[in-house]
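Mind having a look at this structure? Questions to follow.
Chain lettering (A, B and C) follows the sequence in which the chains are written, and residue indices restart at 1 in each chain.
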């Protein structure tokens, strides 16, 4: 990492439009979380769960929504301390600069077009008729297939593969090793053997999408696999052929979605969750980590477990499973009590009958 | 994608040996599924679940086993509409052509042999004594290690890694980023630390195998890891050292198989399922998605859950878990009824005695 | 694979300091497991579970802790037969040699430093100011980012990506396709959309770590993600931003650990297990395969299931779930018995009253 970047706290207050409480001449040399801070750092307080950490932080100053009694040092007060903090990251950690142009060690097909300000690093390959927009960065070892279209301001980290005919919008980030547009897993089974279904569809990735390292998004069998605007996909996620994911959904690491399933907008999917094929998950649903979804999921429903059902039910069922031995004990007691009662009852009923019988006599 | 390919329906009928019903001069410009079709498309009807889609399809013509009353347009009638459809894919979407030869930007070791009609793309590396067959395609960034043997008509998509000594048969497809022959995960644990077990075995992949993007197949510790003929492996699957997989088995995405396990023939494994080490799964078994297999699985058995047991049992157990609160309520009611009965019984038995006593009086 | 290496058994005895029983002139041509052996092989017996395999092995000689009556051939007797066996692997399978130096087809930035005896293979890229130690091997297609530090005697297999600012100690092995230092999966959610949290932290990997093929270890948001000394990580494992893993822990394939979780020392994590964010797992804990950990795990505790709890409880609960239908039957019987008893009791109590009434008459 290069040189330290230093700012005075009053400079940062002005930059952010924040109210300054305390010494504006404080030198800020870095950014940190409340708990992992050093002298000179600026930190932020946004979540009441971390209230205890405020008193213990070593940071020099804190961004906060309202003045903190438990913090001695200077404070910057504004509406959204976390967003303000994020806005400062580029100041303290300027993003790497990429010199525009095509490396002479890259292999770009004659008919491909590369936009202004775009960088193509060594050992990247760009196929025939591919079109890459402006201010995009193609890192080393990336493969861009024939007829691929990539927008502006994208970053394809090293060794990403985008196969033929796929489309990527603007401001898309694809992390290292991700594979976009591999053949879907589709076969015709005849007599116990598999006949390959050629996958001649594609993948369409809309603007503002981020795709994790070593994730895989398969091309459609005939049509396309669609990743909607603003979707965020974590590492090692698998998305099968012809899946559609609605805008602003987020998929945590190692999630798997089977062929042709449709995921709504703003759906949140926890790590290692799996979704069967041809399933519909409606808007704003939440699939908890490791859930196994085999049927339709309603809007705004949180589900978990396998097969996934409402999370409350899963947790209640888990609690009841934990109490099963107690339930079993109660049944055993009931059986014992009933045996006793039965015996008492038969012994008490025989004297009871006897008076009657004796009467009949 | 390049130019449109257009055929007359009677040409296609002749090509497929199908019976033509309707206008043979109909121009067919593409292929599609029933539900995702446009004017000019040829589609197919093979699965009664999609019967409703026939009436709604926009396709110009349909491949079908028997004439469809619900479809107005021309029809091609033959025994296996889906296979016929697959046979046409290459006509409408001719596969990419690869100019045979070794790119001057590839790095092929002096002693390696490359077969006729094989293409080695830029930035691929081929190690010492490796032998690659005929008509095979080695895409950019692929690494073929020393002493590797690869057959004819294979495709290794970009950035595939095949490490030293591994063997790949004919007609094998390895999707982008897959790693074949990494060291198995084996260590000797001594005093809380791990001592590496060098893995000097290899991976042997038989003919007609397909391996998904970013999948990993580890080399044997001493012997080999074996992927049988016609096995299909989806993306992000992990196969550990010394595993053996029988012919024509299929593994969906993100499946993991631990060391030395033996999978039979025609076994179907659903997504995210896991198999412990040294386990035997017999022929024609079905492991449902996310199942966790820790013991032997019998032939033709469908299992699910963790630990995996017959799927019927899992589903029955799940249903019973869902009814646990009702069972608990019934136990509570039994307890209450028994309390009442107990009380009645003791109160009824005392009046019961009293008459007797009174009688005795 | 190159030439066969042949040793006399008495040579090997001397080399290992073993006691030789039987013919020292026996020619040993290879190493194998008990069950997968051929004539000429040396094998080892270390685990009583494989006692039966001793009688059936085809190996010429066996390493053992004490003389085996069930084996006819010569034997080498010493304290730790498996470690002795591992010590011989390099003799029979000499590791590949790498000619030190930087390939003219590699791309190494002007300011980067490469240690003595280190090999940089074709199509590898090394960024500005990166420092790579001595006797390290950088395989083809590897990307080493700017300001990365890598120690001595490391191996980075093909297509590994180590992004900017990350640090790797000595004697570290990173298998093909692994990605170290991708951005963590962190966003600020505002009005249903995600704002990217830039990840300016790094990954710090200590000495003697091994990382599996296509595994991903994300960089810290601000601080670092830490992989402790001697940690072993299998294929396709995901480790999120700011995770800390203590010394000598082992993570099997496809494990996922969410952001900021802290794993103790000597923790063993089974395949496909998942750990939520901000969770603490204490030293010597064991997380069984596929477990889903959402809360703190105590020292030396084995857990399984979702949500993970002590393995004994999980197995007991599973057993009780399997017996649920029997429990339900018992409740049904109780209900029936109680109905009968209730009826008997009321019918017996009514005649009981009648005599009294009749008396009153």
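Assume a contact is a pair of C-beta atoms (placed from the backbone, for glycine too) under 8 Å apart; a residue touches a chain by one contact, two chains touch by 3 or more.
Predicted model only: the values in this text are computed from it and were never measured.
**Q** How much rotation, in degrees rounded to the nearest 5, is required to superimpose chain A onto chain B on the basis of Cα coordinates?
**A** 120
**Q** For chain B versus chain C, which are copies of one sequence, does the interface use mostly the same residue numbers on each side, meaning over half shared, or is it different?
**A** different
**Q** Go ahead and note the Å separation of the Cα centroids belonging to chain B and chain C.
**A** For chain B versus chain C, the centre distance works out to 24 Å.
**Q** At least two other chains touched by the same residue of chain B: list those residues.
**A** Within chain B, residues 123, 141, 159, 177, 214, 236, 254, 272, 290, 321, 324, 327, 331, 334, 338, 341, 345, 352, 355 contact more than one other chain.
**Q** Any idea which chain C residues touch chain A in the complex?
**A** 107, 123, 125, 141, 143, 146-147, 159, 161, 163-165, 177, 179, 182-183, 185, 187-188, 190, 192-198, 200, 214, 216, 218, 221-223, 236, 238, 240, 254, 256, 258, 272, 274, 276, 290, 292, 294, 306-307, 309, 313, 316-317, 320-321, 324, 327, 330-331, 334, 337-338, 341, 344-345, 348, 351-352, 355
**Q** Across the complex, what residues on chain A touch chain C?
**A** Within the complex, chain A contacts chain C at residues 1-2, 31-33, 36, 80, 82-83, 86, 89-90, 92-93, 95-96, 103, 105, 121-123, 139-141, 157-159, 173, 175-177, 210, 212-214, 230, 232, 234-236, 248, 250, 252-254, 266, 271-272, 289-290, 304-305, 318, 321-322, 324-325, 327-328, 331, 334-335, 338, 341-342, 345, 349, 352-353, 355-356, 359.
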